[in-house]
Structures are given as C-alpha cells and as structure tokens.
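If you scroll down you'll find the structure; I have some questions about it.
Every chain is named by a letter (A, B, C and D) in the order it is written, and numbering of its residues begins at 1.
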Amino acid sequence: MIKVLFFGPVAERIGSSTLQIEYRPGLRLQDLRDDLSKQYPQAFDIVCFMAVNGAHSRDLSQELADNSEVAFMAKFSGG
Amino acid sequence: MLEPVRIQTEDFSQDEEVTALLGSSKRMGGIGTFLGCARDFSEGREVSEISFDAYGSMALSEMNILRNEAIAKFGLLDARIVHRIGTVKGGDNIVFIAAGAEHRAPALDACRWMIDELKERVPIWKKEITPQGDSWVVPHP
Amino acid sequence: MLEPVRIQTEDFSQDEEVTALLGSSKRMGGIGTFLGCARDFSEGREVSEISFDAYGSMALSEMNILRNEAIAKFGLLDARIVHRIGTVKGGDNIVFIAAGAEHRAPALDACRWMIDELKERVPIWKKEITPQGDSWVVPHP
Amino acid sequence: MIKVLFFGPVAERIGSSTLQIEYRPGLRLQDLRDDLSKQYPQAFDIVCFMAVNGAHSRDLSQELADNSEVAFMAKFSGG
C-alpha cells in the first residue's frame, strides 16, 4: 500500500487527509499523481509540491516502493 | 534545555530562546531575530483567529535542514527556529527565528534568509478565521 | 510603560520590549530585532568587561531622531532602541533594536538600518577591559 | 563662557572631560578647534565629530553663542 497524505487546503478540497492506494510494481510518482488528479481535479489544481517519505521530490519519474508515504501539497503559508 | 528547532502548540518566550542561543558561545556579539505574529486584519478583513495545519514530521526535518544550512552558509555560532501550530489569536506569536554570530552582519543576513526560506520550504499552512468565514491563506509570490 | 528609546545601566528584557512594541498595534505581523552583546574575546584578546562612556543627552536625542526617521522611512508601526551604559561582562546585553511592521521585509530592513545608523550617529564609546589592560575600541570603517 | 565636553578616548588623552573656555564675540567653531588642537594635539588626532548644543555640527565656520556647549568627539563605538 501507498499512504497518501493531504494537508490544509488540499485536504479540505479532497475531504480527507489520508488515502491508502494499492501498490503495484513499477508505480511512479507521475502515475499516482495522474490517477488522483483525475479523481480530485479541484484539489490537484492547487498542488504545487510533492514529498516522498517526508522529503521534497521534484522527480515525477521516481518509482515508489511499497509502503511509501507520499504527500501532494499546496503552496506553503507558514511563518 | 529546549531544542533549537521546534514545532509546538504552546507559546514561547523570546528571552528564553535568546538566553539558550547566547549560552552556546561566549563569542556571540550579535543576534538577529524575527518574530512573526498574528495580525487582526488581513487583506481588508478582520481576522479573529489563525489556525495551522502542518506535515509535522517533514516540517521539523526541513526546519532542521534549514538551521544547519544557515549555520554553514553564514558562519553562525548558533541558530534557533520555533513555529507554533494549533490556533492562535490576534497579537499572538507564530514563528521565531534567531541567528547568533560574532558580528552583526551575518546574524542579520542569516535571520532574513531563514525566514524567507522557511516560507518556501516548510510544509505548514495557515487558515484565517474571520466573522465572514474561514479561508486558507494563499501566499503571494 | 517603558519609554521606546532609553539609555540605562540596568539590563532589559526582550520579552518586555517586544510586548510593549506589539501593544502599539494589532496590525503588526513582523518584528525584526537586533541584540548586541558583549563578547569575551575580541581581536584575539580575552575581554573581561566592557565599559561605556556616552554623551548622554545627545545620545538620547540622536536615538529618538533615528527612531522617528526609521518609522517614516520604512512605514513601521513602531520601533524601540535601548542602549546600556556603565560596565557589562561577557555575554551581557548591550543594545537592543526592534522594528515592527505589517509585513516582514520593512521590519527586517528597518532593524538593520537602525543598528547601522546607531553606530554612525550616536555618541557612545566602548572600552574593553582585558587582563593585559584597557583599550578604547576603534571601530572599523 | 563656552563649555567644552570630551568623552571616552578623547577625554582620556586630554585628562579631563570638560573645559571652560572664555567666550569672545565672533568666536567660531574653527577658532575653538584650532586653539584646543594646538594645546592637545594627541587628543585632536582622533577627533572625528563635533557637536554644538547637543546636535551634530559639520560647519566649522559656525559662530558660537555665549554659554554654548561644544563637544569634540572620536569615532563612535557604541552598539
């Protein structure tokens, strides 16, 4: 399983702060993003950043390991 | 002793943070700090409270990376970063950055760099709660 | 309430100064501060104490002019400047500058401008007391 | 009388923090500075700034009023 996390404005648009997605070998960040943005287009409109296992990721071709934690995040507004 | 990088719901004391910073070196001649606080007015609307959501574990690790980078980049003697989450009211403290160096220029430069970078890198989101309803803050570019 | 511009022998509290600053406006979103403190090491020599001489009345009036100029130039909501005189030990506070504005950029810019200008304009002199003897500090250009 | 003030390193070189100088009509800041720097050349070597009645003065041609307070000061090192 892949654990997908949402926060703040993205979580609000999705209506949930976490989803469990079935793992499949060869699954890339791009695939996950494409699947989820078809399901939740309004939420993914404001997604600016991605993280894999708690670290920034800009590489959509990155293959995900089973049990990865992935976050799709809106622009930060802390501070 | 309080950790130099923290995310917490409780308030913090600037005096305690600065005392901890100063305690790390007797060679510290200058300390630059930035305190961000909740305004009761934003974009023309009255704001009664601000609430925060955060990717806690990542935010903490990004803040630690930021502190280490600032120490290396500006030759600091020490630095601290504290960010509150939960809900705060107008006038309340939100974020505190402190940079200590032998001289004032690197301390002030590093303080500014850290708050600018924190806003770019650290996964925390702010929601303004107003009498007209709530809204997530959209940062300006 | 403590005056926003002071010269004093006693120590000061950053928390008290920042609370006083914040009290002047609920629109304050960012506060930049600079704290200068006594190092126990300078130019390769151990420093046991620092003592100050000042042209008190002129120093106070120059600090007030500086504060007013900073408020006008950077559109600050408020600013404070406190300088200690007398004798201080290593690690002790010497000078505190705070600038509060709606947003962080003017607060941080004004804080830096005030400490830079204070060093140029305000008639205060520092003497380092070391085991090898005393010497007046010659500021670098 | 003109009250002349010295502080910090200048006072140390002069051996005093204040001098009373006889007032004479037409006395300019330049005259006072010339007279004193002949008497105390070592102290005036480090004089960078002057103040008249507590305000910075850069105008050596300024005429001094009776009972003025004049300061000859080394480079500041506060902060």
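List of remarks:
The working rule: a contact is a pair of C-beta atoms (placed from the backbone, for glycine too) under 8 Å apart; a residue touches a chain by one contact, two chains touch by 3 or more.
Keep in mind that what you see is a predicted model, and the values were worked out from it rather than measured.
Between chain B and chain C, the centres computed from C-alpha atoms are 22 Å apart. One inter-chain figure worth recording: chain A and chain D are separated by 71 Å, centre to centre, where each centre is the mean of the chain's CA atoms. Taking the mean of the C-alpha atoms as each chain's centre, chain A and chain C sit 48 Å apart.
Touching two or more other chains at once are residues 79 of chain D.
Listed for chain B are residues 36, 104, 115, each touching two or more other chains.
If you sketch which chains touch which, the chains link end to end in a single open path, with no loop closing it. Interface note: chains touch in the pairs A-B, B-C, C-D.
Note for the complex: chain C touches chain B at residues 13-15, 18, 22, 26-41, 90-91, 102, 104, 107-108, 111-112, 115. The residues of chain B lying in touch with chain A in their complex are 36, 52-55, 57-59, 61-62, 83, 94-95, 115, 118-127, 136-139. Interface residues of chain A facing chain B in the complex, by the touch rule stated above, are 5, 7-9, 11-12, 49, 51, 54-56, 71, 73-79.
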